[in-house]
């Protein structure tokens, strides 16, 4: 009787302990641990696919006294994304952290972070979520500062402080909910919640705190420097997974806890912030001088797109249309996760090969690093939302929802965002072409280039063509 | 009796708040930390009064004790740096 | 009832004071202290809630606070270590 | 930050505080829902301990505690990743040294006591661990750069041990068939004690090492104190 | 999974897989790359042959893949798609041969041929798309796949041209996308059905449907270079000659024109579009473009620039055909899809040959080139005369049917446009022919690459234009033969108009 939910948290945790205790064999243990963690995570997804939602009670007490782990389609989908992205990043890291000292620090923190991610995605308890948030935050900060450069440490210190402010605010909301409803379980709280000042205050506090962590405009100021200065594999995981985790939590709360009390105005506000993020983030990405900074700003915009779904979800009655929107939201989040991870990994390679990542001086990258340039192009396709990427389908459904609910103004935002995204992606790509000589081979360093390429390829092709699997995983409708 | 208790609570809490304000507003780092430690210990006292001895113990040992010790070390460094005239750089990395 | 409001209110005041101090002060140490005060406020609120109703008090919030204290001290330690790292670098210049 | 901005923030926060107080007042005036307290106390006999807080920590919500230990470890690893510890303070005067020599054993003893009584009275792994950590802090203040801790390798293993034991107990109960971190009632007392003891040691080591601040140096460089 | 499902998928995949493998081919492995290229092209052509036969006999080829509920990727072969598929796969083969010769000894060939193949896959996908969603998907893919080809040379000029190209097509793509989504919301999945699907729409929707048509037309008009969205076409002339051939004849502008045909005939239905007044709009735009392009072409000295403006003008004949109500005009528009393709590709091949062999880039340098390169100039002449509409070359057939259709539909102003345009065509092509054949050659050519061989230039450069020129003649001479483009266009017109 193996509890796959508990395993998805404990296996990476044990891997972290092993690599901490046995620093001599960190690389081998790291690879084994990564594979094992990915496997147990995917096992959860497969089980959700087969049997629907899973729930388990560590301690055997059950809610409300004990706490529970839970996996539904939403968490299973993100869990699978985290597993695949993190596995690719792990492989990349074996090639990236070659020298001793940093490698030694990377792996334990990396597994703790992975464990925190899985724990967060599976948690069904509001306080447990706080603990996972903190674990995630501390490990992310420590990893982000791993280059040891001044800017990286300073940016991540700010990230830490802001994150703590966010999680404290979140916790205050939890306390108010506990005071009013006497339970911490997500499902029970959601069932008990009644419209009123307490619930509204908790909604504002928790969403606000998490918005800080998810870098929702205008609470995003900490993200670009922190993400742009971290080592490439860490930037990848920060942008692809860590920010997404905070966003997931907002979504989870709005759906399962505050579902009954969310007003159109609140959802509209979130949508408005998202719209501002789309435009501001894309604009800053276009103006960014460095490739990694561009990628970081683009993350802001992508989170903005996800926020645009809230007013539409709010305005759409239960039914297939709402299910489509929800699945499209998840699809966009996942596609962006893969694409952004691929982009950051590729940016790391460019930085490594050129010695810098200033966009204006990247001439010839298309010739030196064809596979990496290809990765950037594929990831860019997803960021723009061009077919056949997953985000194309996501955007299609998003715009369908906007027209169907009569909120056509979001279309303009998406239009501007898409064109800006095209501009910033192709700004990089057009710099990459010059008259430098021909490369001998497509791939130059397999252990780092192939994972990045696979991530980007997944986002740009596989997720688009295989999108219907997500509907099936989330248990939505019968796919014809 | 209840009035007395109420007054007692009032004094307890106002002291707590005063200590917190002192910790938050005193510009000299070491003094701020000292106030913070005092605040933590006082908080432990209040919690003991509220029937939470376990937590009071932990707050005294971990929150006020270890947290305070960590901050004290930082404050001492800050004070030393202030003496050595490096304080001007002290703030730039924390500005938002 | 009034006493509960009093105790809980003190927690809320501590939280808001912490937020205020966090926002207006620049120095790392003061921000860290502010965060700790904020945390104490939230914890205090929890303890106050636990005491509500019949005796003995609710042990669940107590346990939550214990966990919270440990988490807070971990974060404090990391933040101060990072600050020290920055100072060392400044000193080395 | 300029003065009007500060004032503005202050005013807004006052407003914020008032709203929160009102909300809290409303929350209090609502009829209190089902509290967990009664459930927690009613389940106490099944938990293997008699101190309700310990029951919550290591039994009802043991999974929280496991992750919390991971948070501690993460903080320590983060501190270590920032580089080596700064050189320690000057060796303390003889008065402090003398005090340390009898306070430290006392702290360790008290720690052990707190751990043991945690089952039925205020106390437990965290408080005990904190005392061990405090012993380390004192040693460090007294001039021992490593805060009385062993070599880096041993530190790594000790820091990890508590979580490892905790997680392995959880996995063990899962394999045994009762479920993750679900203690069989006959064994619960001893399993909890085992997990708590290991956790105490780890907490102590982690806190002391975090106070020492930075990756431990090898003993050889100890003499390099300025 | 039976053969009928696999065939359209296979036709798309042949070039896609070839492209994927070509990326991985080492730069020096010329032979392997050539084999991959040519085998992809030939296999595709064989599959297309099977499809032509099947569609002629009323066989239905269809593959469906669900992306999400209500969103399906559909590949299907009807008569119109077969017309375009055939055109693009025949010309792909020819262009591949030409490109292998043209790019000999130039760098980054694996990248070039990789994207080249992707580009053709996207075009074939456009041709086979069975609903609006699939069309949009392949349409955007085409943009992506052509960008690296335009930027291929890596010079500042190439990058700039590519940027302009991208700005136009991306903007158009977004408009098309919005139109498609809007339509999707109104009517559900929009399948391409002969005769159109919207004719029964509620009158209340008419305003929205007109707006959607304008959005779709704006999106498609960019690629088909309708005024005022044509600005990218002359700019992207910086690309290597095979790419220009591809842009102008096989893929990009054709994709736009094909899309207009699809929207007019298979989404709105030509009768319904006419009743909404949309055909008038289209007709005015097309006519303006035809005249404007021709007038601009008159004053261009750069040979490729002149050809580019000629494309602007000529492609709009297709839209013009669609804008006239009636089966004969439909035939004219449809058949020009093919005729313009083979004629224009001939011209670009020849222009490439002049540039590669003699360094000639301008019309003013072409004096006497007919004597130095007779075969190339002969091919060029066939293409140019066809463009003017001289019988028996393919272009004549087009203009004949457009004229007849205009008369049938009582749209006599079209005759004026045709006459004026033909005069202008003559005005910018005949001077070139005169120079080439009747002016004395200069002492030295601008940059002659001496070439040892039996012919005036390399075989791989010479044969493609000769073949396509021959095709222009055959398409005109044997227009009435079975399976000729004209016959096929008549088959489509019969099916579209339900005759």
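Letters A, B, C, D and E mark the chains in the order given here, with residues in each chain numbered from 1 onward.
Assume contacts are C-beta pairs under 8 Å (C-beta built on N, C-alpha and C of every residue); 3 or more make two chains touch, one makes a residue touch a chain.
Predicted, not measured: the structure shown is a model, and the values here were computed from it.
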Required steps from chain D to chain E (each step between touching chains, minimum): 2
Starting at chain A, fewest touch steps before arriving at chain E: 1
Most widely separated chain from chain B, with each centre as the mean of CA atoms: E
Chain whose Cα centroid lies at the greatest distance from that of chain D: E
Between the pairs B-D and A-D, the one where more C-beta pairs touch: A-D
Chain nearest the overall C-alpha centroid of the shown protein atoms: A
Distance between chain centroids, defined by C-alpha means - chain A, chain C (Å): 28
Distance between the centres, which are taken as Cα means, of chain D and chain C, whole angstrom: 16
Cα-centroid distance, chain A relative to chain B, in whole angstrom: 37
Residue list for chain B, restricted to those that touch at least two other chains: 54-55, 58, 62, 66, 70, 73, 93-94, 96
Shared-contact residues (touching 2 or more other chains) in chain D: 20, 24, 28, 32, 35-36, 40, 53, 60-61, 64, 68, 71, 74-75, 78, 82-83, 126, 207, 210-211, 213
Contacts with 2+ other chains: residues of chain C: 8, 13, 15, 18-20, 26, 28, 31-32, 45, 50, 52, 56-57, 60, 62, 66-67, 69-71, 73-75, 77-78, 80, 82-86
Chain D residues touching chain A - in the complex, by the definition given at the top: 19-20, 22-24, 26-28, 30, 32-36, 39-40, 43, 59-64, 66-68, 70-71, 73-75, 77-78, 80-83, 153, 156-157, 159-160, 163-164, 167, 170-171, 174-175, 177-182
Sites on chain D touched by chain C in the complex: 1, 6, 9-10, 13-14, 16-17, 20-21, 24-25, 28, 32, 35-37, 40-41, 52-53, 55-57, 60-61, 64-65, 68, 71-72, 74-76, 78-79, 82-83, 86, 126, 203, 207, 210-211, 213-214
Residues of chain B that touch chain D when the two form their complex: 53-58, 61-62, 65-66, 69-70, 73
Residues on chain D engaged by chain B in the complex (per definition of touch): 51, 53-54, 114, 122-124, 126-127, 130-131, 133-134, 137, 207, 210-211, 213
Chain C - residues contacting chain D, complex: 1, 4-5, 8-9, 12-13, 15-16, 19-20, 23-24, 26, 45, 50, 52-54, 56-60, 62-63, 66-67, 69-71, 73-75, 77-78, 80-82, 84-85, 88
